[in-house]
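Below you'll find a set of structures to go through.
Each of the next two complexes has chain A plus one more chain, namely chain B in the first and chain C in the second.
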Partner chain A sequence: MHEVTPAWALIAFPIVLAALALLAATFDSVLTAVATGRPAPLKAMSDPLREVARLVVQQRRRTFMPDILLMRIGIFTLVVAAVLAGVVLPLGDRPVADLSVGIVWFNAMEVCVWGSLWLTGWGPNSVYPLTGGYRFLAQGLAYELPHMFALITAALGAGSLRIGDVVGAQRGLWFAVWMPVAFAVYLISAVAMAFWGPMNQAVGSDIAGGVRAELSGPDRLIFQAGRYALLAVAAAAAVPLFLGGGVGPVLPAWLWTALKTIAVLAVLVWAKHRLPAIRMDRFMEVSWMVLIPATLLQMLIVGIVVL
Partner chain B sequence: MTLQVIAFWALAVASVASGMAVFIVDSMARATFALLASLLSVGLAFLLIDLEYLGVLVILMMVMEMLIMAVFMIMYMMNPAGLMPMKMVHNDRAAMVIAAGVFVLLALGAFVTPWPRRRGRPPADVTGALGLSIMGPKMLVMMVIGVAILATMISTVVLATHRGRYDRYGDALEARRPVDPGGGRLAVRDDRDRHGEDRYGDHPGGAQQPHPDHGPGPSSPGHGHDPSHGHGH
Partner chain C sequence: MGAPGGLRMADRGPDRDGLKLDRLHVPMGPVLRDWPSGLVVDTTLQGDVIQQATVRTVSGSGDQRFWDEPWLSAMRGPHVTRGEAERRRAASHLDSLGRLLGVAGWLSAAAEARRLRDRVLAAASREEAVRDYMRFERRVRRSRLLRWMLRDLGVIEEACRLPGPGGGMSGDVATRLGRWLTETGAALTAMDDASRLEDGEGPRGPVEDRPAEKVLAVLPDLLVGAELAAARLIVASLDPDLDQLRSVHEAVHA
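This part shows the complex of A and B:
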């Protein structure tokens, strides 16, 4: 049933994911340096690696009566969910795991982030992380339904839940072009899913860093790495779902995939520095009253076109 | 084939063990996630019989379900966040007898039932066949279940929330901006926020006289020009 995955993909996938995550972190720190008016902002490019070195050797802080087991499960789930969500995305022609229900798999893995953040927020037995964890659940309830409808619209357009088929269906026209609402909703929910940019209230500075307030040392390192990996995967999924995957003139498929992914990732990172924070309680109403009807309408139109 | 058998037994043991852990642990959070682990093992077991769609769907739904349970945990529990250790079982002895009885009954049923022999082969596209079945012969069942679940969801939310649209938009539903505890707009905070907060029910006297300006008239929807509150602009 499954085609054999080439061995190189197994090795290349984690490297590519780590590189994309590092790229996002680097771009983010450069933009932060520009915004804060630091002299020679390009020097901030090394900040993520410095932070890695600092966190590796940092002594762990402990809170009073923490649930260490649940907290660690939460932290690791973030990385694992990002990696597992990524395995169904094509690196070039073919993903690491070509599941026949790839879109549902992607969705399921990305929902595990709910559990991850709530557990990480719960574990330290501290009020701000707990608040952050519940904030993310509130945000999740808001973004998840439009997000699912956006994913299903892409699947509907291709007539298949296999991501490879979704890419194949876009040889003539990108889904982003004739399903603009679904694409826009996907981008919004991708930002919300990675608790990034305007939707980062779960780790907001108004609650002292929220979920990650009490994380230190290697715990914090893994959490941060997982968050950037998640952002990278969320951006990368937009490429096969809406931007034609590796299809493009002249250049090989893997290069087109990489270029498009980096472009989407750059837009998401840039948006964080350009847009004001969106409160999840307010977003709930917008999401259910505007985005859900809009995606349903989009799905209806796509359904009629496909029929 | 043997690998499949090993995987099945590993998942079966994991599922039962974490199901038992639900009643052994002393924390609401651990119990919730032990239950989730049990259900995830069941979802993974679906993948062993090539029911990919159903298996992944079980994983997706159970994660969301358990996390929504965590939301309800703070709404309904006497110890809202559940951070303190607490016992996960009540009425131990009777519960044990009932559980053992039900287990024996179900296990007996599994052994006694004359299972039908397998006929035909699974279709090449299981997911597609499932979809056709839901939209065809099983449609009535699915529609009834769907409506029942929707009704349950709506009534749960109605029971859980203490503010409806009349609290938000006034008795005549004609306020342009809702009055919410947090106040404010989608993204920005401004002075009008505090106004919104004052009009929320906690304010002394706010409950008796919630919306004095909601009658018809030029100033009716305005939250910003309410003379009964002291915030000027």
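This part shows the complex of A and C:
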């Protein structure tokens, strides 16, 4: 069953990931243009590519006595974490790396984002990025435990930590249907992990852009690319874990995977424009008092059903 | 202790949890997104919690008071209709709402408030403005998430008698947001009133009293103990109009 991954997957994976990240950025630009009442909002579709061109040639700004090395480590970690988290997700039938502990690997790579944002916030020696870093650590404390329980619930339902097996276990019924709490918590925590949408206080405009306030030129470009890649990976993981993976009628598995991933990604991008920011001083309590017990209860129910 | 790069190291002091933490001295303003332009709050931060705050302003150059202008002009004598003044009041509140919603991270609602503000100032008809405003108001009021994020922040006691829209600034940030929404609706409905403007009750309270001075006086106490995000929301919910402060020019002639 677990054959060797074909060589084309190694090439296809980064292309697919980049395309999804660009798609998310494009959709976000269009929604922003609609909200601000810009005439011809569809013209905003080219904004992300313009921004890439602008950042490539932009001169770097420097803050006073920055720790450039730590900052760059932070920035690159963001991209690397997103890519490494993505390698265990099936492109169609098979992922690039079919690990027997795929879910744990995925979670471990995501946690690297904590270090990434903290270092990126610490590096510039400036108060707003530092504040952004603090905010993300608080956010991590709020979302990580519910997130882990949601992932583990899916693994429990399949009786395996291999993501391919989780997909296989959903041939009859999607996990999203019979473990809705875990699915909902996964989506909330995925948004928090990608510091996206309502959970974007680490890069909030109220602190002048937070972690990324002092980033300019290629540094900013890589950071932004990493952020969108992370969002894409977070959306893509919902498909094999909760939405039946590539299973579906008529169309081939890779197409179903792509369609479902794009749908989840669109919902996450759209949510950013519908909701005000969620501050962790308020959310922390809900996370620990409501989400954690709810996921534990969900896990208990799934455990009983599986037995 | 050394001074790396010629900068003094951060000193330390006890914080609210009984720990000893670095103190950073950080000015907020005069230029920040969705911030009353010209306002500077000099803060002492531990983490992102404000331990001390003092307020100063970067003095403006002119003595124009755009938002209070209809009322001031009516006092000087020329005939100003109530409708004109209400149009300015509605636009002023929509401007404040845009800023508060922007700080609250709800950029699409903030953009909608600003679009409405521009259209009201650009002589949109009453029916059209009221209709579009109602939709906006429903959307903002319906958001339980927003209310959850704004309540219990920056509570001002009734006894403070701080002048403000619709009778005062008392309550928390969510209350003040609600008051702006109500006042904007009322002002838009009265936009066609052709009777003569006779009172001096501007968007931010009696225009002769220069309410901004009183708001700035209570601001430091409200900010101490708040973290940066909450502090930004508190400032945005009071939205002092710094044009109301006496400019250097006026002070000389007073």
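For this structure, a couple of remarks:
Just so it is clear, the second predicted complex is superposed on the first by the 304 of 307 C-alpha atoms of A that agree within 3 Å, B and C clash if a C-alpha of one lies under 4 Å from a C-alpha of the other, contacts with A are read in each partner's own complex, and residues count from 1 in each chain.
In this section, a contact is a pair of C-beta atoms (placed from the backbone, for glycine too) under 8 Å apart; a residue touches a chain by one contact, two chains touch by 3 or more.
As the structure is a prediction and not an experimental result, all values here were calculated from the model.
In the superposed model, A:134 lies in contact with both chain B and chain C. Shared-chain residue A:108: touches chain B; no touch with chain C. Of the two partner chains, chain B is the only one that A:161 touches; chain C does not reach it.
Once the two complexes are laid over each other on the shared chain, residue contacts for A:279 go to chain B and to chain C alike. By the document's definition of touching, of the two partners only chain B reaches A:70; chain C does not. Once chain A of one complex is fitted onto chain A of the other, the partner contacts of A:27 are absent, as it touches neither chain B nor chain C. Within the superposed three-chain arrangement, the count of touched residues of chain A is higher for B, of the candidates chain B and chain C. Looking at the shared chain after the overlay, A:36 reaches chain C, while chain B stays out of its contact range. Of the two partner chains, chain C is the only one that A:205 touches; chain B does not reach it. In the superposition on chain A, chain A positions 134, 198, 275-279, 281-282 are in contact with chain B in one complex as well as with chain C in the other. Taken together, the chain C residues at the contact with chain A in this complex read 4-5, 7, 24, 26, 32-34, 45, 47-48, 101-109, 111-112, 115, 143, 145-146, 148-149, 227-230, 232-233. Chain B makes touch with chain A in their complex at residues 27, 29-30, 33, 36, 50, 52-53, 56-57, 59-60, 63-64, 66-68, 70-71, 74, 81, 83, 125, 127, 178, 180, 182, 184-188.
Looking at the complex, you find that chain A touches chain B at residues 1, 67, 69-70, 73, 99-101, 104-105, 107-108, 111-112, 114-115, 118-119, 122, 125, 130, 134, 137-138, 140-141, 144, 161, 198, 275-279, 281-283, 285-286.
For chain A in complex with chain C, the residues that touch the partner chain are 31-32, 35-37, 64-65, 127, 131, 134-135, 198, 200-201, 204-208, 273-279, 281-282.
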